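Each of the next two complexes has subunit A plus one other chain: subunit B in the first, subunit C in the second.
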Partner chain A sequence: MGVDTNIRLIVEQVLAEMNQTAKGAVDGSVIPRQPVTSEEQAEFTDDYLDDLAGIDLQRYLQVPKPVNAELYKDMKLATPSRIGVWRTGVRPLTDTLLRFRADHAMAQDSVLGEVPEKFAAQYNMVPVVTKCSSKDEYLTRPDLGRLLDAENIEILRKQCEKGVKVQVVVADGLSSKAVEANIPNLLPAMIQGLNSMGIAVGTTIFVKYARVGIMDVIGEELKPEVVIILLGERPGLGTGESMSAYIGYNARRGMLESERTVVSNIHKGGLPSAEAGAHLADLLKRILDAKATGVNFK
Partner chain B sequence: MTKEITLTSIGIDIGTTTTQMVLSRLTLVNVMPGTQVPKIEITRKSVVYMGTVHFTPFLDRNRVDGIALRNIIAHEYQCAGIQPQDVDTGAVIITGETAKKENASEIVHALAEFAGEFVVATAGPDLESVIAGKGSGAEEISKRQHIRVANLDIGGGTSNIAIFDRGVCIGTACINVGGRLFEVETLSRRLSYISPPAQKLASCLENQSGKTLFPACSFEAEQAAIKTCLAEMTSCVDHVLFHQPPAAGDAALVMTNHLPDVALDGIVFSGGVARYIYQPELENWWVHGDVGPLLAEAFRDSKVFKSLQVYRGEETIHATVLGAGVHTVNVSGSTVMVSKNVLPLRNIPAIYPELKSDGTWTWVNLARNFDNSLYRTFALVVPPLPDTDFTTIVALAQQLATELMQLDGTPKVVVTQQDIGKVLGQSLRCILPKQEIVCLDGIELKLGDFLDIAKPLPYEEAVPVIVKTLVFAR
Partner chain C sequence: MKLKTRLMGQSFSFKSVKEVLAKANEIKSGDILAGIAAENAAERIAAKYVLSQLTLEDLRNNPVVPLEADEVSRIIDNDVNEPVYRSIKNWSVAELRQYILGANTVHDDLHRISRGLTPEMVAAAAKLMSNLDLVVGARKIRNIAHCNTTVGVPGCLAARLQPNHPTDGVDGILASVREGLAYGVGDAVIGLNPVDDTLPAVIRSLETLYQFVQEWEIPTQICVLAHITTQLRAVQKGAPVDLLFQSIAGTEAGNKAFGIDSQILDEAYAAGLKEGRATGPNIMYFETGQGSELSAEAHHNADQVTLEARCYGLARHYKPFLVNTVVGFIGPEYLYDTRQVTRAGLEDHFMGKLTGLPMGVDACYTNHMKADQNDIENLAVLLTAAGCTYFMGIPMGDDVMLNYQTTSYHDISALREVYDRRPLPEFENWAERMGIMRDGKLTPKAGDATIFTK
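Up next is the complex of A and B:
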């Protein structure tokens, strides 16, 4: 037997073994799916599919046979990041990819969605709108989101008290969902806290298509001691319901960004909304005592 | 303007054999910048004074010498250079056989001027097990390496076991196995005292074998008898740790056993005897006047030592006192509500509610158990709520207000685990504007726990809380 034949035999053997292992790897890593017969296929409807967005990612264990399941669970619970998602070959599983796209879609929905018309009335808010005429204009023209036209300023003059201690403003900002999810708990908790400390709160204003800077215009017009604006944060892939509160003492046109105080990350997984309301009430009290916000407030 | 607070914490461990004091400083800092919602953490724990190990003074076999004990602690305070009024918190742990009723009250009385209202005497084998496991570093090893380890704290009269599963204590046990159950004359090396549990074990072994162990006819026979008993003791620990059927003699030794039936990844030894397990030294085994080094030798032959991965903690003999002084402090959530000038509060019993037939909770009945002059007020524990909506919290506040007004104590203390302390506190203040209220969150309590609440941090609202678990399992 020549050397060539020997090598050929070895190569053949190695190739055969590689095929075997490759098969094994695929069998081990892919979650087996039920084969679908033609009969079943006929009955397929949309509601057969699980809602991937409904899965709690931090409790969703995708690694099929973890060496240390308890530790794996602990690690998943320690972070909302997408860790331990397993793979198929070098790519993520279909589940993972679809969920990622679903979360991205949800974030887009939060930005593009509108707060329902009746929302303002439900919480006795005075509704106004900035100079933006549509969501697209709002997204492309941040400058217009900081301005009110004469008509809307007139609404404020007529319907809102001047010179109150605290003027509350609610705005859709970059997430309409954040407003709907947090305001029902945050607002009453904050107002209860302020009232119990004897702090007068003006009529709450709801501004559509608003940026943080809208507080300058409102401050200039109504001359409250403090303006607090509650608005939806730009959504991420973790949550679309996060809300921020920006607070300006003596808010006026031309005030610096560094003069604003912010409390962010108000949502179920961060600072819960009712507790945030209570925290903000206390913070406003301290701001009124210190007569300053932003870097001037320590 | 400092955003730091330092707490001076004292730990005193009064055991069957030894008494020790440790003084530590805990630094608490707001780790969040600016006006972000604060988050307070204990950033540094440093031991500033480690007292010498004293023999616990006894009048006779059973009664602690209160005056001598007082002098020891007075001397330690002097060496540490502190005054009783400088101490913010801490715990006196009375352990092992010393923890009998008449002794406990004698000790509290003797230490009143040092402990006073600041430090509260606590006792109980379950708590000691947990504290020793924290002090030895077993808890930390378990947490860091994500494993399940047992801490075996072998003292003079008892061995305390605590199992930590990834940093959480999941069970404790206390066994009458210790280095001082047999005492020897340091000159003749002959047996001078056999403690009651050792006696019980010996007579049980005598009944089984039909041979008399004690008194022994010769030095060699006595040694053999002692070693037989010690081997029996370590196998009792094996039975408890590995959930094997108990031997006849075990009944004389096992005091409490609340260990879950789980497999262990490793073991840490602490307590006075542990030193001899890690560094065997048998040449002068009699130097302490007891059989500690011989017990250590027996442990080196046991299943616990041989079949489990043995980890070495940071502390052996100082584990309990360190645990008492350093590891008992927690920090509450940072959005809480505290009326002005009502803190510190000490030794408040935690009252867990009963569920009434209409689905609401009531605290009053259980609080009545503590309704005597010993306690200034109560801490009503709020179980987890299904949601933290504003309306749910207001309804809870109304319920709590009615219950609180039926109880005499002041200030009114409410503790929750969910992050709702401030909104619940403000709601309570609306309903009860004239009452002093302390409403904390981020604290997990069990029935039977007691609380110390220290003063809030400067410019922050989070408060240091010391949870004293007197009963671990039931």
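Up next is the complex of A and C:
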């Protein structure tokens, strides 16, 4: 498909340079195709088209004759943004548009996915669930995603230590894929980092269908000095694995959003998970020293 | 003041102006979440009818949050021009709607009454309007502001170039800046949302943008959309700040959740005028969006349309250069689907314009909403018809840092072409000199970011 596109682009370029109006040049650039006969239509081959999502966008430069191709290649490697995509008139090329739609389709599907049942046990986490009973309720009722019922609070009371220095909470949030992708590296790195600084960490809790505010309920119940919640962020295009950490000193009901410290963009293309673990351990140490988070922690 | 009516034989009664305002809204998931929405379609229309018969004086006397409880209410009330208010206070909301849409009412008339309106009146008018009413009403209003360049110029459609990057990488940011400029985008502002809100990181990004704009002599303004307290410290340290940005809410408690109050805004505004690099006089940039008060539990049981109008009332106090709603960012618990986002985008744009602001819109959606790129392209088309001041411009509409989708560099060019709109004049002249545009159209060179090579 790359070759076909390039031919079309070169034609566009030539026509545009022949002093036609921009509109005419672009509209006139469609290469006529031979009509398909009914006999040809009947012949299906067993081959697949190349996977549209298999193209590494950061190495796929579509601008036909850039002033500086080397610079363009460096620019594309410096950002995951969809640059160097060129245009037909004022609109994107067909494969660019379809790849965008494919990435959106993946992101939408990862919102609806669930973290596997056995994941919590695998990482020695105590599993609880908020008052939401389904994903759709979770999406439209954030209030319920910040609450635990009596039964789940009882689980915390029985299985978690009270009054530790740092309480770690993991939550699915808006991306189950973020939990599965980041927790296996992040959690051990962070806990090891904290332990090496002599900071006591409680039993990690896994909360299903949770909003950030669930940390306030857990804070009030278990009274740790600091709560950190690691939560799947709403997916971007092609970044369904992004996770954020929200940290609250003396977390309690009625805590303001501005009192939380946030570290976002934890994923392969942003802050990788193992690095994030080390960074968060260090940050938690500084928070414990300053006895504050959010706007009170500078 | 009558808060009861019969409609099609049914009786409806409301306890307060605030309840009437809430129930008169078009359906929004946020109002349902707050427990204040109309129970059914008939009650919604009954509330609209009751609202239509209230006077503007009734609305001024019944702000959705009382003056004694909220500094936003006090700032708004203090800013009302009394002679203008006295000349219109006996109008019903029905009359206000008809005045706005009337054939003989032109821009200057709307600009004049704007100074006598409170957000509750502005929101009330919007609640009585159909989507096309909101387009027709907003289209009449021209609000012009000046920072380094002039925004809101008739016949123009501007764009914020939003070069966000997942780690604030300098080369990555500049790559998106170059690409956007090559599409004629960036005339409203080159505005970066930083990942890292610390002072050294924010200063580094400000200097990166400033130096690039200086090097290529681009007539625009720059902004790094950190928390305003960080920007304040940056400007005090002599960093190159044109515009000071902050997200704002329509209640004091909502602003507290954003870590601000009027004192902080006053201080930043004064520092920006004194220490900032911009020509001015308009140097503030605000973002808003329906639902932010409720998400901070700071809504005082008021509806999200009225609270949004109060953001504009607060914004007006600081004579901003740019204000935009981020209309699909907040999620399905406040705006459930395309239909609700479209309605909210048209409402916000109209209300901002009627409040006197150079109003833009971030027509966007997140991946947990029932919306896609087609839907926001539709909204952008409607808003351009309504005379929207500016949109966001992002590579293919994909924000790789904030993880949402908005309008693209291509979309800005397409909207300008469809509606025969131009970039802001100084910027268009620059784009012609650079060979990117000719007679308001992209040239064959446009779209190649490496024309910015020396």
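Throughout what follows, the second predicted complex is superposed on the first by the 239 of 298 C-alpha atoms of A that agree within 3 Å, B and C clash if a C-alpha of one lies under 4 Å from a C-alpha of the other, contacts with A are read in each partner's own complex, and residues count from 1 in each chain.
We adopt the following convention: contacts are C-beta pairs under 8 Å (C-beta built on N, C-alpha and C of every residue); 3 or more make two chains touch, one makes a residue touch a chain.
All of these numbers come straight from a predicted model, not from anything done at the bench.
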| item | value |
| --- | --- |
| Partner chain in contact with A:257 - subunit B first, subunit C second, else both or neither | second |
| Which of subunit B and subunit C A:217 touches, first, second, both or neither | neither |
| Subunit B versus subunit C as contact partner of A:275, first or second or both or neither | first |
| Subunit A residues touched by each partner, larger count belonging to subunit B or subunit C | C |
| First, second, both or neither for A:284, with subunit B first and subunit C second | neither |
| Touched partner set for A:188, first subunit B, second subunit C, both or neither | first |
| Which of subunit B and subunit C A:71 touches, first, second, both or neither | both |
| Touching partner for A:297 - first (subunit B), second (subunit C), both, neither | first |
| Contacts of A:148 with subunit B and subunit C, given as first, second, both or neither | neither |
| Intersection of the subunit A residues that touch subunit B with those that touch subunit C | 68, 71, 74, 264-265, 271 |
| Subunit A-touching residues of subunit B, taken from the complex the two chains share | 1, 34-37, 146, 166, 335, 337, 388-390, 393, 418-423, 425-427, 429-430, 433, 461 |
| Residue ranges of subunit A touching subunit B (in the complex, touch as defined) | 68, 70-71, 74, 184-186, 188-189, 192-193, 195-196, 261-265, 271-275, 277-279, 281-283, 297-298 |
| Residues of subunit A touching subunit C in the complex | 13, 16-17, 21-23, 25, 63, 65-69, 71-72, 74-76, 78-87, 90-92, 96, 100-101, 103-104, 107-108, 111, 139-143, 174, 233-237, 239, 242, 256-258, 264-265, 269-271, 294-295 |
| In the complex, subunit C residues that touch subunit A | 29, 33, 163-167, 169, 171-176, 178-179, 195, 227, 229, 256-259, 295-296, 331-333, 336, 366-368, 372-373, 394-405, 408, 410, 413-414, 417, 441-444, 446-451, 453 |
